[in-house]
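Order as written gives the chain letters A, B, C, D, E and F; numbering starts at 1 within each chain.
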Amino acid sequence: MKDLISFGEVMIRLSPPGYQRIEQADSFEAHVGGTELNVAIGAARLGLTAEYITRLPKNSLGYMVRNRIREQGVDCSRILWSDSDRLGLYFVEEGSNPRGGDLIYDRAYSALSRIDPDSLHWPELLMGYRHFHCTGITPALSPDTAQATREAMAAAKDAGMTVSFDVNYRAKLWTEDEARRCLEPLMEYVDILFSSVGELRQIFGIEKGNLEETASAAANRYNIGVVALMRSEKHSVRRISWRAVAFHAGTLFEDIPIEVEIVDRIGGGDAFAAGFLYAYLRKDQDVAAALQYGNATAALKYTHRGDFSWSTLDEVEGLIEGKGGLAMKR
Amino acid sequence: MKDLISFGEVMIRLSPPGYQRIEQADSFEAHVGGTELNVAIGAARLGLTAEYITRLPKNSLGYMVRNRIREQGVDCSRILWSDSDRLGLYFVEEGSNPRGGDLIYDRAYSALSRIDPDSLHWPELLMGYRHFHCTGITPALSPDTAQATREAMAAAKDAGMTVSFDVNYRAKLWTEDEARRCLEPLMEYVDILFSSVGELRQIFGIEKGNLEETASAAANRYNIGVVALMRSEKHSVRRISWRAVAFHAGTLFEDIPIEVEIVDRIGGGDAFAAGFLYAYLRKDQDVAAALQYGNATAALKYTHRGDFSWSTLDEVEGLIEGKGGLAMKR
Amino acid sequence: MKDLISFGEVMIRLSPPGYQRIEQADSFEAHVGGTELNVAIGAARLGLTAEYITRLPKNSLGYMVRNRIREQGVDCSRILWSDSDRLGLYFVEEGSNPRGGDLIYDRAYSALSRIDPDSLHWPELLMGYRHFHCTGITPALSPDTAQATREAMAAAKDAGMTVSFDVNYRAKLWTEDEARRCLEPLMEYVDILFSSVGELRQIFGIEKGNLEETASAAANRYNIGVVALMRSEKHSVRRISWRAVAFHAGTLFEDIPIEVEIVDRIGGGDAFAAGFLYAYLRKDQDVAAALQYGNATAALKYTHRGDFSWSTLDEVEGLIEGKGGLAMKR
Amino acid sequence: MKDLISFGEVMIRLSPPGYQRIEQADSFEAHVGGTELNVAIGAARLGLTAEYITRLPKNSLGYMVRNRIREQGVDCSRILWSDSDRLGLYFVEEGSNPRGGDLIYDRAYSALSRIDPDSLHWPELLMGYRHFHCTGITPALSPDTAQATREAMAAAKDAGMTVSFDVNYRAKLWTEDEARRCLEPLMEYVDILFSSVGELRQIFGIEKGNLEETASAAANRYNIGVVALMRSEKHSVRRISWRAVAFHAGTLFEDIPIEVEIVDRIGGGDAFAAGFLYAYLRKDQDVAAALQYGNATAALKYTHRGDFSWSTLDEVEGLIEGKGGLAMKR
Amino acid sequence: MKDLISFGEVMIRLSPPGYQRIEQADSFEAHVGGTELNVAIGAARLGLTAEYITRLPKNSLGYMVRNRIREQGVDCSRILWSDSDRLGLYFVEEGSNPRGGDLIYDRAYSALSRIDPDSLHWPELLMGYRHFHCTGITPALSPDTAQATREAMAAAKDAGMTVSFDVNYRAKLWTEDEARRCLEPLMEYVDILFSSVGELRQIFGIEKGNLEETASAAANRYNIGVVALMRSEKHSVRRISWRAVAFHAGTLFEDIPIEVEIVDRIGGGDAFAAGFLYAYLRKDQDVAAALQYGNATAALKYTHRGDFSWSTLDEVEGLIEGKGGLAMKR
Amino acid sequence: MKDLISFGEVMIRLSPPGYQRIEQADSFEAHVGGTELNVAIGAARLGLTAEYITRLPKNSLGYMVRNRIREQGVDCSRILWSDSDRLGLYFVEEGSNPRGGDLIYDRAYSALSRIDPDSLHWPELLMGYRHFHCTGITPALSPDTAQATREAMAAAKDAGMTVSFDVNYRAKLWTEDEARRCLEPLMEYVDILFSSVGELRQIFGIEKGNLEETASAAANRYNIGVVALMRSEKHSVRRISWRAVAFHAGTLFEDIPIEVEIVDRIGGGDAFAAGFLYAYLRKDQDVAAALQYGNATAALKYTHRGDFSWSTLDEVEGLIEGKGGLAMKR
């Protein structure tokens, strides 16, 4: 049985090198990324078998995306191809204290946003997989992607798969109200919710006295087995302390925070989900282990250039066991 | 009195460095370009006062474009700004024999294509200028840009300005039939037509025994004062021999061909128009001189990285006078 | 009425990439900069109309400088051109604790240093502007530039303009004694003095018990309306805490310090002056506001590659209002 | 049934950028390549299903190689991994007339050269494939790789597969005598021989009056169905005219030569084999078609950066049909 | 009399730019380095006359290495050349908290490891020098290099030279046991031992209550005049506090720690030895001064790209005198 | 006895990458070069012992120059250092047909141009060398460098050395008249004159019917043993055919022309002199051999990035023997 299948939009990210601003750029570094793909790749690098479903334009840019997915060992043989639509892009400028960095989405009219939901035969696509992952970004793209996401989640539940969902609220895509109206009905399909205290408050209106009560309230309201809340203390734009928590069966699991010198801010949360799902699926749904693997994978990701987590299982486990860290291995 | 005002779409061009294919790229060089802007800049660098009208998104990418226009001394103070639409992009890969190179337009839904033609008050915008330049690309973008182009040309004629038009047929934007139906009615406003033998045949159905008869037929059919036909002999993808001609008042003007080692294939025709218009406007509509300036400016442009002509008047005149050429000035 | 006109020397800065030393370099990044130009550009980006007066060699390097000034929307149409003199250059290597970085001036014999003061008709040049800005670097270059600076300041006062002056003492250009003898007589023209505690002590011999007394002493001695003192706490070569103060009408204005992760050390003080002058001129000479705008603009500048401040007004005000900061806008 | 499986050594190629010499280099571009892999990738890009067998070190360099194979859609799931041996490298400097370019092999002691031939179970590995491809480089690496090659070829014949073999004589690896003694016994397994007139003479001592007689002599002596001889006329180091021929069933097939402006000299012959095998396997062993596809794929490859052919089937067929060529598609 | 001669292996280091991982790399920056060479170069830059003995392959890579040694003013005219062996390489990826960085040695079968110890006539090679430096890496390479190291040290003692030895234990080259068995017998020749608390414990089994006792135990056991222990407090992968100590004649010398923002992690210890030996040899074996010079040279080295220390004597002494530091010299 | 000593100015060359214009540049590649140094380095790489005399500023730029001289094995231990003067620079943009390329000298006020001729004790400096080389550029810099050149040449003759002189007329430094008045008196010291037909005509007014007569006239008028005339046929800016000749003892020596694809236009003539002098000094003043070596070294130089010739003796002799050329050695 194969492990994980995810669905969403993949874009090319264009970033000026070396802390330049977008306005200054004479060149852009190009990375491929998209939250659901990032999760599939991060998990595949740790050892899960993974597949990714999306829709791409049939041109060199689409081929580049396909290549980079294949490069990481994620199956993309059932990707849909469009003869006319465009590939979503986004432009990112890295920040440095006190400049927070900026991001311009140029993803409207993308091939995925124009997908025909009926072209996706979910029961067939999901067959043979144990777990389905998706996020709150895909439904924000268009009514069609919202429908496809909902149908996929429902089909996964029907097939007895576990389902994880990352809220991933993007203020540049929709309002908090729109997000709530669309996402709340999806919660019934969710086994593992990845979110943050801020999102629970903004999107779902859940705000309690402390972390545990907040996570518990979310788990109870939507009957979700695991609620993982991503958190970091931002010492500065380039230095954070990562310390996510997970709530399951009445218990709040915590882990030691990990100090991070950021190389690339994008994809940390996705790497958390990847590490979490790897351990969850491979270690008998052990939430404490899943949290550890998620935290280590996330912290390491922030040191990788690009949207993907490039960690190996050895590295993640090395960090967990305290063997990783400050020294260079010679 | 100011010299030249042009109207059209400007994009960011993204090209992989060093003959890489788009599919291989890890980074893209970014250049700003658009045929009508290229003409305005090329002409401004030779000494004309020039302005450019377009519509840009109000974000870092739009600011980058504005900056690069200002950098070249072209007035862009009356550019329109959009709060929501995107900037057109295009991806180019350079060819090398026998690979011809490729180009992906990603310009749909651009700020210019969604312009409200009524937001452009042409009589006011054109006031104080002697010449208006536009091309067949702008009308191909949307019905709105087609309307805006037509209204601009008509307003220019009404204001007693001269008007130049570059057919610039782009098969990736529309069919030959669509182009003909849209462009033929515009010919009544044209004083100087920039085109090629191929376009005259494909778009306007004009095909005669020789160059002179073909140009003459176009001039007569549409009552156009000057028909300039851009031509080059392609020795290979990287080496051409440039040799445009111009027809005026019953005479075909020819010039010696110029051997070119190509650094950048984009913008040669625009540089021809820039050089042509410079001399036409500054040398009493002397078509023979205009052809010479156009040819020299075009040939030099092919050796400039990016879409713009970076020649100075000294360099263009140096090449015309035979002082330019093979030796490095030490 | 236009806002700000400044006068000084602009150079090309050559810096090895990526913390390389100058001695190691195989390539240099090229930036255009000069303190008075940096102020004009920083202010223009925030919304002031600005012009810059200098003298440049009539060659590709001079054109490059002119282009980059135009790119930022600063008027440079009255720049003087030299047929023979050179452009000033400077080489910078970035430091990293405990290496402080180094700077080699190669600006002797520059076009500006050889200007004929009589070629500058200040009453005419300044006409239509509200404010004149210059610094203590220009008079250090040559007797001619010292004379030109003095005449400009006097003409500005005569014309009823406000005048700001940044001491900018450069030990590589002259001794403290030379600086004092030249600069002290200029103080009578100054309305806003940008300096530091160190400079007040070294150059003007002003050293008091605390910041307020020091600033007050300078203001009183030279009858200067506003004395702004730039300060930063240097945690390391790459991390500082910026906290300038301003003294006006018997009051010392202070602001909260801003933590900065430095991308580029050059131009922070100039950005302070730009932000300060923007608010001073646009907000009714409100010194408290000017200090806030100056501080925010300075702190953000340190995160911009190159000599110029690339901030927009939105960004500066966002930082002031606490909306800026650590998060990337998604 | 799957199409093609190949076996050989893959290396990382390190090349100084921009025509620098190796001795001058401060950086190296890194490409993955190896003749048998290049063939598999070139063929997979045209549409064949392909797999590649090799042995790699289990470290980041080995992972990089695996990634780049996966990226191109070639199956590498049965690659063998070594815990201790190294990855072969080679350093290449590009030439420019009259400097021919240079190449340093640093491939001794590589993981493949130290393979245990008994670790390769060829009947099982080859099962399900129609065609096996290998070259004369692999047997040159070590007695073990020579044995593995021989066993693979024999197993392929036993399994009823067709076998192609590229002589690929490398003077830096062995002498002509050594090559002959090792390769001649392999000829009995070969259905399609890729070689050159020079190799037939140097290695096999076959030298006849003309091309046809030479190819015929090789085909007859070793009873080989198809002998394809790669040829190019070298106008200069950077410009060649490619014109391979093929001999089959008493007939010499020729094609029009293709003018090439070289971007990268490595891998042209491999691309020829890839294109040839694609058409041979997909077009009923039509040798005339195979030659055309081989020539077009080879000529296009020389314009691709890196060792791999990045052509699509559309591009190869476009060139064959004369639609490719000098113009950029707009 | 000349100052310092060292013997060891020099390699080319290949590092992906900008915190990329090795697995991600499309290019590698190339630096030349090797611990014993780094010491010779660091010392030569401060003013010692220095020579370096090694064995290199006679190809472009070997020439590159020779060039870079000459560039720094270290005599390499007596280097041995191999016609067949390879140059050692190593691949380094820079870390960022919590990723520690990685290093792949590809130095097996190098020209030095295959040296014939009898080809080195140490009494003649060492003649005219005051000091010999070597490390524990060279003996780890092969029995031949172990023999050569031993013979060199013995010959140096015979010639009345002082000898320094840096333990430099590399777990990727040999086990702690192997190291101990090989290195312990060499201690009799050592006048100055560079090591660390960890190495004394791991390799020599020396572990005492505090720093002084540990250093004292090592000095006593092997009768070594100076034991210098390199130490740093690692705040993070990119930020350390350097604070080596030295033990001599019953006294533990300490110095103030120096805060370091790391640009390049390789070569700090070698720079320490270089600075230490410079002052030891030029300042009458003043260990307190040697420690200061060593610490300053080490701390500055971490801010230099590449394996070498690029400091000048002025800079080292400036840092010692507190004139160096945070400010850029303008 | 050592072979060759030369004297002149060395500069840093700053060139925009990739055929960009100077005006476009955001970065510059930095190379070290100067005609007399280029000759010394080219000759040293072929096997001559060589030294170079110049005057450099005592800063990082001067150190960079010193390093690059040492890197090539040319002795620079007697270079003079200036505490205040600057290093000469020059900016080069590469041409491409029909753009000829451009060069901006920024060498005024350089350390060499301000040398005190009395600081150079030529008899002592030249002692132990067989040959002195200088050019017509040095005397063009200042009266002091003219005096130093004259004194050096005279001292070399006095010491019985042979003297070579390259006219190297630079129109950007002086007029033809100035050059003639300064250079003609130097001819009495010259044994080998490197020049061109154009220079003989422009500077010395020698213009005869054919090459032989022209060379003969120069040799006779100034009693010069060998007159070597550098020539190339320029097919385009990037492609030339090199074909120098030499006249000696009544005979015109010619060689086959060599087709060149240019990588870098600077330094071809210097490489010719280097190759010529190598063979002249090592092969018993055999002018025919010297011409061959000069031609091969020159042609190869045009394919090397930077000002220096990076050829080895093997490569030069390989090209002469026809073994070099179009094929890559594998």
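The rule is simple: contacts are C-beta pairs under 8 Å (C-beta built on N, C-alpha and C of every residue); 3 or more make two chains touch, one makes a residue touch a chain.
Predicted model only: the values in this text are computed from it and were never measured.
Asker: How many degrees of rotation bring the Cα atoms of chain C onto the matching Cα atoms of chain D, given to the nearest 5?
Answerer: Rotation angle between the two copies comes out at 180 degrees.
Asker: Assuming a repeat means more than half of the contact pairs shared by residue number, which candidate in D-F, A-D or B-C repeats C-E?
Answerer: D-F
Asker: Counting C-beta pairs in contact, does B-D beat A-D or the other way around?
Answerer: Pair with more contacting C-beta pairs, B-D versus A-D: B-D.
Asker: Round to the nearest whole Å and give the separation of the Cα centres of chain B and chain E.
Answerer: Taking the average C-alpha coordinate of chain B and of chain E, the gap between them is 62 Å.
Asker: For chain B versus chain F, what separation do you get between their C-alpha means, in angstrom?
Answerer: Those two chain centres are 45 Å apart.
Asker: Can you tell me which residues of chain E touch two or more of the remaining chains?
Answerer: Residues 17-18, 21, 23-24, 26, 67, 102 of chain E each touch two or more of the other chains.
Asker: Specify the contact topology among the chains shown, as one of line, ring, star, complete or other.
Answerer: other
Asker: Within the complex, which stretch of chain C touches chain B?
Answerer: Residue list for chain C touching chain B: 67-68, 70-73.
Asker: Of all residues in chain B, which touch chain D in the complex?
Answerer: 18-21, 23-24, 92, 95-103, 170-172, 234, 236-238, 265
Asker: Under the touch definition given earlier, write down the residues of chain C that touch chain F in their complex.
Answerer: Checking each residue of chain C against chain F gives 14, 17, 21-30, 59-61, 63-64, 67, 86-87, 89, 91, 93, 102, 104, 106, 108-109.
Asker: Mind listing the chain E positions that touch chain C in their complex?
Answerer: It is residues 17-18, 258-263, 299-300, 302-306, 310, 315, 319, 324-330 of chain E that touch chain C.
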